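After the structure tokens below, expect a handful of questions from me.
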Amino acid sequence: MLKDITIGQYYPGKSPIHHMDPRMKIVITFAYIVMLFVAKNAWGFGVGIAFLIAAYLISGVPGKMALKSLKPIIPIVVFTTVLNMFFIDGNPLWQWGFLKITDKGISMAIMMAIRIVCLIAGTSLLTYTTSPIVLTDGLERLMSPLKRIKVPVHELAMMMTIALRFIPTLIEETDKIMNAQKARGADLESGKLLQRVKALIPVLIPLFVSAFRRADELALAMECRCYRGGEGRTRMKQLKMHGRDVVSALVTTVCIAGVIVLNIFIRPIF
Amino acid sequence: MSVIKTEHLTYTYNGGSPFEKVAVDDVNLEIEQGELVGIIGHTGSGKSTLIQHFNGLVKPTAGKVYIDGRDIWENPKDIRRIRFQVGLVFQYPEYQLFEETVYKDIAYGPTNIGLSKEEIDERVREAAMFVGLRESTLEKSPFELSGGQKRRVAIAGVIAMRPEVLILDEPTAGLDPKGRDKILGQIKQYHEAQKNTVLIVSHSMEDVAKYCQKALVMNQSKVFLYDTIENVFSHTEELSAMGLAVPQVTRIFHALGARGVEVNPDIFTVEAGREELLKLLAAHHVRKGGAARA
Amino acid sequence: MEVFAKLENIIKVQDVSYAYTAEGNAANVLEHVSLAVPRGQFVAVLGHNGSGKSTLAKLCNAILTPSEGVVYVDGVDTRDEEMIYEIRQNVGMVFQNPDNQIVATIVEEDVAFALENLGVEPKEMRKRVDDALKEVGMYDYREHAPHQLSGGQKQRVAIAGIIAMRPACIVLDEPTAMLDPKGRREVLKTIRGLNRDYGITVVLITHYMDEAAKADRVVVVDNGRVILDDTPKNVFSHVEKLKGVGLDVPQSTELIYELRKAGYPVDSHIIDEEACVNEILRLLEE
């Protein structure tokens, strides 16, 4: 059934990482991406991989989940690896016609593959340990300085929140409408692509009509509860940095510093 | 012959996962052709899942469903044919309307059957008549009608398929008393005219008592009772324990009985109650020496 | 505003007419309606769909303003745009569809929504949210997602979101129309509790007569006019009139009414089972 689909990829848990301030998690995720791009040698990547593994272990999110997040990007990894392997100049190790593999090509390919894999697994950990709503909240507060230059941060966050709130409702509604039309003999499963798209019209129109009706009613209910945009608004849940946030910020800083130091003292791969 | 028959019908949600839930549990049922049945049971009792088995929208986890003596899942590719045979009107069916005109919307089902234009036209007009829609309404957009009218259009959309069995899931939900009586009255008339089988899911025991011949009570995924209205409502205590209140008038007559008055306890409608009381009072006054009424 | 702070009537509708002016045809939905709701009262407004009862509700918290006449909320004219948030805070509104009035993805955050809009301090807010959730009996569900709740539970969350504003009055527009009997019972119990235990004025708009039978006062609206306004017992004694405007009466009232029509001397002011049984017994003992 459609309604069994979960929103986002939040993996509920009670680990220190789950309880971290979302703002810090977002900042650290960005720092980690920077770390991956700063790294220039095997030791640097070693730090990056160790950091990721440690984070996964602390979070209690099974490694299986990390692999799951990597599944969709396998083609990209394969593509870039092949590209790097064959098209980077260096000392040829193997050659057949115009195809050749060089030592530099191999090391570059491995490095890019590690980078992409770590990047995806790392950002996935953010979404595994932070529910979409907390993430939205964190982003809203991180970006609040942008309000000064007229970026509608509150409005965007409110839209996101409402979207998240209504996804399960609309999924359930789609399910109901599909069943109702099937009961009137709609054939939604067979036929050519064009026929199938056409067959969806009886589902889509009621769905849109209903979404607009809901939007109307929701707007009214929000007005009744004195909603007037972001101005003068307070929040019940105040985000607070705790010891664990400070510690993880320190650890991350040390790791980045470490990667830079390793770059300087150990010969780059190429 | 029974038009709907189930054998050990069982349906399990999320089978194999920790969220496994049995929604329909070993249901054996035979519904005769031409009956008007009220299906009652509180939310989560399995009644909605059960009715979706009758037209093949849900495939049983175990057991069989027979329509007109034929196993509907014998040939899964043929399942759409069952949907025309057993018409199902969902709760709040007005939210499924999508066409430009009422006429086209009612014609959607018959068109899916693949009927000729003339046949479709005949059926659309007939269905519109059953639910009391005027000729002039047929050319309007369904979105400009009132809530009650929209619902009648949606019901007509299923009736137009001329199903052998018509199932309605809470057709009166959210309607006011006037709208409710109108729709139930029309369904009853339709049933009398077509002489086909009609199943109505309802939360209102009063409505079931007033309009239906038989009642099917679902409780905790099982059929608790399937019998005539009299026999079902005589289980007042058990029904109340399930959270299904019998009609107030029935409770009044049970209370009178408990207080020592010799009354027929099988009173389910105000009309029947009135007859019973008048009979009782007349007898009482005769006994008292024919004292005149006030 | 101090002068008006303790006004006897929380809502005062004075000779109000209202017309929706869509597409030029300005038919009046309400015609010269006058109604005063004293503090602490539980008023049921009965009427069939399209009788104008929802419009009346929306006039009570400045969602709509009258075409003619004046509506006062705690002495404030609802046309006063400066006071709009005070008015809406004072008269909270709950709608029919529980799904379409819950904004947040977590119960307690939804209850906090109005308070966040009003700029209440976080500490004070936490307390008010917890209190509101306890008052509707949903405190244990504070961390649930709305879609995991039943209809009745969602509606109670919506009510909590309103009472967290500490309004003097709540107007509920058919809050039980989309619920199953269990949900209806839960919501009604909650509403009655708020009225009885916390002194909140309740205006319950409904077409279920059994809900109206338990109010202090019943106002019947038909065709944009108030046709009856009295205690439930007195209102329901007008069986013919109510049926004439497409409404029901309790079965006990109808049964007694039938006996009366048949010429038996019975009290027509009967709206519950117990009284009905007693009246019949009395008749049999005569």
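Structural remarks
Read from first to last, the chains carry the letters A, B and C; within each, the first residue is number 1.
Definition applied: a contact is a pair of C-beta atoms (placed from the backbone, for glycine too) under 8 Å apart; a residue touches a chain by one contact, two chains touch by 3 or more.
Just so it is clear, the model here is predicted, and its values are computed rather than measured.
Looking at A-C and A-B side by side, the one with more C-beta contacts is A-C. Farthest from subunit C in terms of Cα centroid separation is A.
Computed centre separation for the pair subunit B/subunit C is 31 angstrom, with centres defined by C-alpha atoms.
Per-chain CA centroids place subunit A at a distance of 45 Å from subunit C. Chain centres here are Cα means. That of subunit A falls 48 Å from that of subunit B. For subunit B in complex with subunit A, the touching residues are 13-14, 52, 55, 57, 80, 83-84, 87-90, 93, 95-98, 108-109, 112-113, 143, 157-158, 161. Against subunit B, in their complex, subunit C makes its touches with residues 48-50, 96, 150, 177-178, 180-183, 207, 209, 246-248, 250-252, 254-255, 258-259, 262-265, 273-274, 276-277, 280-281, 283-284. Considering their complex, residues 132-133, 161-162, 164-165, 168-169, 172, 213-214, 217-218, 220-228, 232-238 of subunit A touch subunit C.
Across the interface of their complex, subunit B is touched by residues 1, 4, 173, 176-177, 179-187, 201-202, 205-206, 209-210 of subunit A. Every residue of subunit C that touches subunit A in the complex is listed here, in rising order: 61, 63, 85, 88-89, 92-93, 95, 97, 99-106, 108-109, 112-122, 125-126, 129, 145-147, 158, 161-162, 165.
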